[in-house]
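Some structures to go through are shown next.
Two complexes, one shared chain (subunit A), two partners (subunit B, subunit C).
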Partner chain A sequence: MRRIVRIASWLYALAVYGFIFLPVVVLVLFSLQATSFPIPPFTGPSLRWYDAVLSDTRLTSALVNSLLVASISSLAAVTLGFLSAWGFARFVLPGSGLLRGLITLPLTVSYLIIGMGLLVLFNWAGVPKSLLAAGIGHVVINLPLCFAIIYSQMGDHQINIERAARDLGAPEWKVLLLITVPVMAPAIFAGFFLSMTFSWDEFVISFLLTRFDTTLPVEIWNLLRSGLNPKTNAVGSLVFAVSIVLVVLFELTLLRRRRA
Partner chain B sequence: MTAPLVDIRAVWHRFGQQTVLKNVSLQIEPGSYTILLGPSGSGKTTLLSILGGFVTPSEGKVFIRGEDCTSVPPAKRPTTTVFQDYALFPHMSVGSNVGFGLRMQGVDGSTRSAKAREALALVGLASAFDKKPHQLSGGQRQRVALARALVIEPAVLLLDEPLGALDLKLRRQMQDELKAIQKRVGTAFIHVTHDQEEAMALADHCVVMNDGRIEDEGPPERVYARPATRFSATFMGESTILAGTVTETKDRASTVATPVGPVCLPSALPVGPAVGLAIRPEHLVLGAAGGGVRLGTAEVSDVVFQGSFKRVLAVSVEDPSLQFIARLPATASVQPGDMVAVSCDTDQIILLTD
Partner chain C sequence: MSTAGNNGRALPWALVTPALGWTLLFFVLPFIAMGFSSLTAHEGGGFTASNYSQFFTNPSYWQAMVNSLQVTAIVTVVSVLLAYPFAWILAEQVPERWQRLALMLAVLPFWTSYVVRSYSWLLVLAQNGVINRALTGSGLFSEPLQLANTRFATVTGFVHFFVMLLTLTIFANLKQLSPSYRKAAADLGAGPVRTFLHVILPLTLPGIMVGAFLTFVLCIGDYITPQILGGNNELLMPQLVMMQIGRRGDFPLASALSIILMAVVTIAYLACARWLKIERA
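The block that comes next holds the complex of A and B.
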């Protein structure tokens, strides 16, 4: 009886992981297909579709755009998130709880609503559809995330460290730069890499707010409109690989923090 | 008479509805070791924060070296603080920690590290220069914090319960070192603690605080021998306190009526008011061969052997609400349940008029 339960639980675990990872495995496997259709039988391995992706200037420029938008918007989100977390943690503000709630609220609003809202706003303000507009959208969705991560790590035990620095003659900006930022570095990096990950494969906002120059997820969507081919698999695998790297970096910085 | 190094004038402080400092005035001499002693909530830490510039008092002024520092920020005043949790910068080496204050003053790198090494040598940690704070023990971190605060040569060094986080043995050892370091550098130290033994061991000037007020201040010997108030008689060492009323005064002597009988004191007191008579445990005599003042009979309720002496608690027969606290030699043969005569010498009685 116990054996049956054990086998059943193994099967269940296998099914769960299979359900999660099979699509990715299939995607990556058929990106190595040698023939023109990403359907069985597998005819590879071959790197011809990766070659095709990398020689497609629309895809490569979209890839560069994505990297730019992701890194710049994440930098902005993490800077603003850090400053607001520091402000909330160190100063007594009127209505602090309410304001903190408001800053994290966008986490609960769907990207579609945020994207539409920004579209209307930018239209009214005369900001053209562009990578900049999409980048601002990404700051809107990632700032609450960075704020939440950094604020949660900003404990009272750092207050005395900052006080000590002030006591030894450091002006406020040096306290922030030489003490608070290095001490908070793990949370700051974690926020940055998580923002990068989310911005990197964000579709809805980029789709709504860009026109000619666009990001990789939007370009992939354009590609998919003309039907499946191993090239979409190849570019999808590349996106996936970058995401993995970012998530691993995020985990590493957060884990290092816990061990310290 | 030179001007005091630190002059606190009529300081009040409130946190919301709560008044934590009530009209505190205090002067501190250059080169002295001052202890602010009091239970938690007595306002001693708030007073230290006001000196350090982390808190601006609601009322009153603070002068340091004759300058009004009341609302000068910590960075700009000639004080440094050793925090209770040490507050070392975890991402910097010990050397950079100690050199931080000099770096903020714009001192160049080589002078900085030379001075930091010197300060570390002063606290006996010369070898820790390249280590990180987390590689050090609690006592060593404490010394680094001390070196970091001393290296910029403050006029006053403020220590917030610096020994609170250390175990007893290390605490006594660091206590001796603190005193030695203070004598060597000659900086005025102001040290907050709730440990009266620490206070007696370290202080040149002991300030006893309770409920936002200074109860008593002076050399620890004086504060112990002649406490000014009931609180300081019980907080700075233990005392048995007899409640009494002055009934008669003649020829520069007074009689005080107490629950254990009249007690004669060699001083002229106004007749009428209630007074307290405090007696230190080591001055109470239990047994027949007594002192000059009889304090009735008591039943021994508890005997605690403490190594070099026995701490004895005895309940008065005449007034069961009165408990005598006595200190007897370790060799004394006294058992719980014994009935003993209690007495003491007249000149060991401390008169409390508050």
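The block that comes next holds the complex of A and C.
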């Protein structure tokens, strides 16, 4: 009986791993295709489609745009999230529960609806479509995440260190910069990298709120109109690589926090 | 608790106001704007409820909601059924020291770009893609199957994503169970099957409900997967919303449809919350 369960488990797990990895393997494999169609038979390996991606200025500028929007919007989200988490964790504010609920509310609404709302508002207020508009949307989706991560990590242990600093005469800004920020660094980094990952990957808000200068997921979407193309495979594989790097950084910061 | 000293009440408000202001300005206000917009006429302005009544009278709009609900229900059920045994194997059968790696591997593609992931499935399911080549090449089928641009493709793409998400949540759930439950059941004479059915499964049910609800919300609001994999043969709600913006610039109708979609999610949430409460009692 035990043996049968064990063998069945292995087979099942292998099948699910196969299902999970099938599209990724096909994507990366056919990004190395030598001919013009990313379908069997495999004719590679060749790096010509990576060359094509790197010499396509629309894709490379979209990549730079994506990195810019992701890093600046994540920085804004983590700053706003950290300051508000500190405020709510350290001080008694009237209606605190309700206000914290308000900050985390965007987590419950789909990106499509957040994007639609901003589109209608900006359209009505005469704000043109731009990377800035998309960045504003990215802060809306990432601020609640940063707030929740940092707020949940603010324990009594840190309060005592802050009190000690104040007793020794440190002004409030010094407590913030020299005590709270370094102590909270792992949670702050975790919030930042998670925001980077989500902003880097976000499509619908950028699609609705940008026009000519746009982010990489939107540019990839435009490539899809030309059907199956190894160039799309190549840029997709590159995007995958960047996401993996971000996730590994996120994992490492989390692990460091756990060991501390 | 406050030790702010001279700064009094000004400092805490200075800390929380930027985040609150941002949320009010760029989340709450847009929502109000969308509500207003949904009540105006596309041609010539003026207040009207016709954007909402159109949804109930135009059968193709109504059909999009039915399609969305059907696809979401299938995706949620299939994903839970696939993910639960997988998470159980990872938590119970894989040796402790390999578990972290096994889980990380299982959710690695979860982190790839959403658009790219859907495109990858298109490569697999296309007319001359990997699966059809394998089927015709092995002589099982003489003609390639129509797999892409179908509901099957949409569901496959969704299930792929949500199996990973649910594996994460169910795995966490199983690991949180204290081993004493299993020991107690064994002491009382229950075999592994009875222990699972009467102890483990009921204890993880609230976690499954949370994961299923998350699946429902994310699935019903997603535009990318149905647009890339399902094509335009059968429209889902998010596709219908985007169509109003793209082709006709009809913001009022798009707003009304978005609000209806949100209302459905809210109803699901209320139903789910009540169900969870009954479970806890």
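Here is the rule we go by: the second predicted complex is superposed on the first by the 259 of 260 C-alpha atoms of A that agree within 3 Å, B and C clash if a C-alpha of one lies under 4 Å from a C-alpha of the other, contacts with A are read in each partner's own complex, and residues count from 1 in each chain.
FYI, a residue touches a chain if its C-beta (ideal position, glycine included) is under 8 Å from a C-beta of that chain, and two chains touch if they have at least 3 such contacts.
Owing to the predicted nature of the structure, the values given are computational and were not obtained by experimental measurement.
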Item to check | Joint occupancy of subunit A by subunit B and subunit C, clash or fit | outcome: fit
Next on the checklist: Applying the document's definition of touching, compare subunit B and subunit C: which contacts more of subunit A?
Outcome noted: C
Next on the checklist: Quick check on the superposed pair: does A:58 touch subunit B, subunit C, both, or neither? Answer first, second, both or neither.
Outcome noted: neither
Checklist entry - Regarding the shared-chain residue A:12, is it in contact with subunit B (first), subunit C (second), both, or neither? => result second
Checklist entry - Looking at the overlay, does A:113 come into contact with subunit B only (first), subunit C only (second), both, or neither? => result second
Next on the checklist: Contact-wise, after the overlay, does A:81 reach subunit B, subunit C, both or neither (first, second, both, neither)?
Outcome noted: second
Item to check | Partner chain in contact with A:166 - subunit B first, subunit C second, else both or neither | outcome: both
Next on the checklist: If we overlay the two complexes on their shared chain A, which of subunit B and subunit C does A:182 touch? Say first, second, both or neither.
Outcome noted: first
Checklist outcome for this item: Rounded to the nearest 10, the angle in degrees at the CA centre of subunit A toward subunit B and subunit C equals 100
Item to check | Nearest-approach distance, in Å, of subunit C Cα atoms to those of subunit B in the combined model | outcome: 5
Checklist outcome for this item: Shared subunit A footprint, subunit B vs subunit C, residue numbers 163, 166
Checklist entry - Can you list the subunit C residues touching subunit A in their complex? => result 1-5, 7, 11-16, 18-20, 22-24, 26-31, 33-34, 37, 82, 85-86, 89-90, 93-94, 104-106, 108-109, 111-117, 119-124, 126, 128-130, 133, 160, 163-164, 217-218, 220-224, 228, 238, 241-242, 245, 251, 254-255, 258, 261-262, 265, 269
Checklist outcome for this item: Touching subunit B in the complex, subunit A uses residues 157, 160-161, 163-171, 174, 179, 182-183, 185, 260
Checklist entry - Residues of subunit A touching subunit C in their complex? => result 5-6, 9-10, 12-13, 16-17, 19-24, 26-27, 30, 37-40, 80-81, 83-84, 86-88, 90-93, 99, 102-103, 105-106, 108-114, 116-121, 123-124, 136-137, 139-140, 143, 147, 163, 166, 172, 197, 200-201, 203-204, 208, 217, 220-221, 224, 228, 232-233, 236, 239-240, 243-244, 246-247, 251
Checklist entry - Inside the complex, what are the residues of subunit B that reach subunit A? => result 52-54, 73-76, 79-81, 83, 85, 87-91, 100-101, 104-105, 134, 148-149, 152
